[in-house]
Amino acid sequence: MDTKTSQKVESDNNAILLLSCPDRKGIVASVSEFIYKNNGNIVHADQHLDALGKIFFMRVEWELQDFKIPRQGLAHAFIPLAQKFKMDWNLRFSDHIPKMAIFVSKEGHCLYDLLLRHRAGELRSEIPLIVSNHPDLKEVAENFRVEYLTYPIDRRTKATQEKKELAELEAHRIEFIVLARYMQILSPEFISHFKNRIINIHHSFLPAFVGRRPYHQAHERGVKIIGATAHYVTEELDKGPIIEQDVVRVSHRDSVEDLIRKGRDIEKVVLARAVRLHLENKILVYGNKTVIFD
Amino acid sequence: MDTKTSQKVESDNNAILLLSCPDRKGIVASVSEFIYKNNGNIVHADQHLDALGKIFFMRVEWELQDFKIPRQGLAHAFIPLAQKFKMDWNLRFSDHIPKMAIFVSKEGHCLYDLLLRHRAGELRSEIPLIVSNHPDLKEVAENFRVEYLTYPIDRRTKATQEKKELAELEAHRIEFIVLARYMQILSPEFISHFKNRIINIHHSFLPAFVGRRPYHQAHERGVKIIGATAHYVTEELDKGPIIEQDVVRVSHRDSVEDLIRKGRDIEKVVLARAVRLHLENKILVYGNKTVIFD
Amino acid sequence: MDTKTSQKVESDNNAILLLSCPDRKGIVASVSEFIYKNNGNIVHADQHLDALGKIFFMRVEWELQDFKIPRQGLAHAFIPLAQKFKMDWNLRFSDHIPKMAIFVSKEGHCLYDLLLRHRAGELRSEIPLIVSNHPDLKEVAENFRVEYLTYPIDRRTKATQEKKELAELEAHRIEFIVLARYMQILSPEFISHFKNRIINIHHSFLPAFVGRRPYHQAHERGVKIIGATAHYVTEELDKGPIIEQDVVRVSHRDSVEDLIRKGRDIEKVVLARAVRLHLENKILVYGNKTVIFD
Amino acid sequence: MDTKTSQKVESDNNAILLLSCPDRKGIVASVSEFIYKNNGNIVHADQHLDALGKIFFMRVEWELQDFKIPRQGLAHAFIPLAQKFKMDWNLRFSDHIPKMAIFVSKEGHCLYDLLLRHRAGELRSEIPLIVSNHPDLKEVAENFRVEYLTYPIDRRTKATQEKKELAELEAHRIEFIVLARYMQILSPEFISHFKNRIINIHHSFLPAFVGRRPYHQAHERGVKIIGATAHYVTEELDKGPIIEQDVVRVSHRDSVEDLIRKGRDIEKVVLARAVRLHLENKILVYGNKTVIFD
């Protein structure tokens, strides 16, 4: 039962191009022509035009089988086109299995959920590392045979501990981080190493109930619906680009404990959907928002 | 096509008692015994115990046919029991058709929705009066043969105009007010005349996006779900007890105009549900929250 | 208050191409190249590959301003490309305002909803005609100044009456029909004149509760959620391609009448969404399913 | 990590009475008087009147601390009242922890979900036994230290194997059974031993897609929403009283595999909610429906 590699490996071998640029004529034509003339077959393509900002977004995925440009030369070959249209862009390959680290504190439901989905083949990634400020969930990690590192953190030790964490993340070649109910605020310095590559689950319907104890805040306010929000982490707490949200109905009969219990169910699915979208290269961040190509 | 009286009048003749009091033994027994020994038949009863505050809430509805105490003496007869348990309570009769006034500005969708539901028999009330700070929706009122009064309001005239409105509301014996996208803030003085009897629809998922232009705020923030909230109006803007909320999914493809369009659909249903709950005497306000007996 | 033309006319002048064909390399490239070399600017494009059937679907919309091929020659110019890829395709223009007829029986909520959305500019169409087998909703039509024709139908008169209806539809140049709770079954002959151009709202979550009195069926079965389904009408009753569905939660407390009342709210929004998708040329029918480009 | 007993044991000691009877005056009064005069404190009470059948339903829960009638004599003491009103009734105690068996086949997501919720204290029960027709999930059971018994079943062996299962269930004093994606049809004989005490999760929105491979059926039909249904098992396949349902939105982009993946998330929560309602004695079955006191 080794969960470090996904069991259900698809046999695809596709290139995925994500780009944004100022809107003008010919972007789709040029990109698809570039793919076609090199003998690629487009399997998915999606565009979006932000009418206000006149910015064009595109995600295109094509089969590399029979593609004339070798994989290692692809990015280089695309540069002239990217420059012509002033694109922000990046290129990924569907057979690349990214390495993700999960950060947790004491609550295990999101961690369990991610590990089980990973084992079921829902999340194409490796999970070589779980990081925590508490030892509580070590046994879960052992069950799934994932390394578990504990870095207790207080105000005094934070900077030092984060440095050690960063070293471990680098040593494990971690590409992105999932905060699965990690109850520590990461420093701007730490975040800067993983820009738009740290996904957090916040247990409220943001921007309502920012910060601590959102279920207590929700109960206090007497809302009839509670929510969960997955977002990329930025320096401003709970203010980063929102990836996914969902809600569940509650009533005056629900105590804070009921909200916490009902909330766990949406935290899990919202976080899992966000991680999956990230892994499938379906998210483009612009400004403080996301374009989701789903 | 006269909509001032509801077409579908149920033949019921029930008493409805709403009460709250400190929790102690014997409340349900005493109340149901009071009803039973006077030959009433309970058709609905619902209780709720706020475990934190040790407060007990109850809604009980019984048939008055064959009830020994005459309707006009019922409240008086209940006083000893109410005093014994230190109850906050009120007594209503299901055949009483309350008079409601609708306040609007320029947007007509909620107004139309309420008038059509009223005509379809969904809302057991009379609607003798529509009040507005603009003349725009006068034609709608005429279509439905409801009086439409226009009181243009600016900072200077507000106090005077509200006095005139209050006089009209009194003249029409209005019992509660529905703000169906009324874009003026009511003064504390005005609100004090209709405590827990003014229902507002706010076009966001409160407490997110309080105040002006919530759809613009939501678009700016990049949320993936928008909402609407019906609440009783209190002195603090958008902070009153929440009656009902609902949400609808949006995406990066939705412009502010799309949010406004999608939002209209939930504004209508959320407001209508809240008005219906109010008319059925199913709402108990305590502190800044509601108990909904549905 | 003339609702025959939409108040909010967008200033766009776009071509919309909907196509499906066997999947092969170069479709996107060829189509976008066709648009680009003629100086068109793509504003939306969406693709879908049915992996099982190896069928490729595409919707592309581009600005005609500055487009080199004149509008009347566009379809002709596209033929070679369509033939090369064996496309099923059609071409539409965003400034074309289609004429729709609404069919109703006695229930007015969907009719009212469509007329109000139309007036609010949500539905870019003309509505020159309302057809009914009952006179009940004539007053609504008059309010909105739309012609209302009554064709009472029984088994004996059906064929004759449908002929008259078809003549009127032709005389009014009706392009598609919306059955807004029209309680007659159309004949295959009638349907054949409007293939994939008749939208029906069925008041259940299809394929559950096909046929008559679905809310009664749902109540009888004791479901906890009810639904509504908008679909294109085919010869088989309630079996046509599904366009849109939605649901609402119910409980044992809800009588059949409550289901009917709650159901009305979703019937309205589901039908309106389907009509809007149709008007925006965002639906592609293949087999007995729909591809929705939203 | 012993999950056989729930970690979070509430300190309550309440009696719960569930009853139904023909409607007449005085039921609530008599029941609450019975409780009050014996010094019980009602903490929850809920009633429902089926207006069509004139049947009255009630759930009442009261504290036994200070209650004058000893627990073992309570049922006996209630008999006269029950007979007077011709009640179907049963009495339960909140400190009784029922024993449940989980039946599974090869799919582990619902099993895992139940075991994790149990460990988190969400499900007040003991789980001494997991029964399967396949050995695949034995390791999960071992992880959670629950006994796992395998009974391979084919047409020939079914009767014999079910007898063995029943013997084991009796030996473990199992009170109810949860079919957590158990892909065998139980015999009427087996079911008769656990009337209204077997909960199944069906992976469709019943009554749509009864029987085998509902996700394949849903994909084939082209629905825009899929669902899951928890119900009590009766002799008729997928026709028993529905306890809970929920849905999730899908699109033409979703393959059968995507439906299966998305469906898993609602199967888990729908089944868990149903099991929780059952454990809290909040379900009353009448005819082929349920009254849910939540």
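Letters A, B, C and D mark the chains as written, and numbering starts fresh at 1 in each.
Convention: contacts are C-beta pairs under 8 Å (C-beta built on N, C-alpha and C of every residue); 3 or more make two chains touch, one makes a residue touch a chain.
Fair warning: this is a prediction, and the values are worked out from it, not measured in the lab.
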*asked:* So if I look at the partners of subunit A and the partners of subunit B, which chains show up in both lists?
replied: C, D
*Among the chains, which is located farthest from subunit D on the basis of C-alpha centroids?*
C
*List the centre-to-centre spacing of subunit A and subunit C in whole Å, with centres computed as mean CA coordinates.*
37
*asked:* Please output the residue numbers of subunit A that touch at least 2 other chains, ranges allowed.
replied: 253
*Taking the complex as given, what residues does subunit B use to touch subunit A?*
48, 51-52, 205-209, 221-225, 227, 241-247, 251-253, 255, 288-292
*Residues of subunit C touching subunit A in their complex?*
23-30, 32-33, 35-37, 39-47, 49, 249
*Of all residues in subunit A, which touch subunit D in the complex?*
1, 109, 112, 116, 120, 122, 139, 143, 253, 261, 265, 269, 294
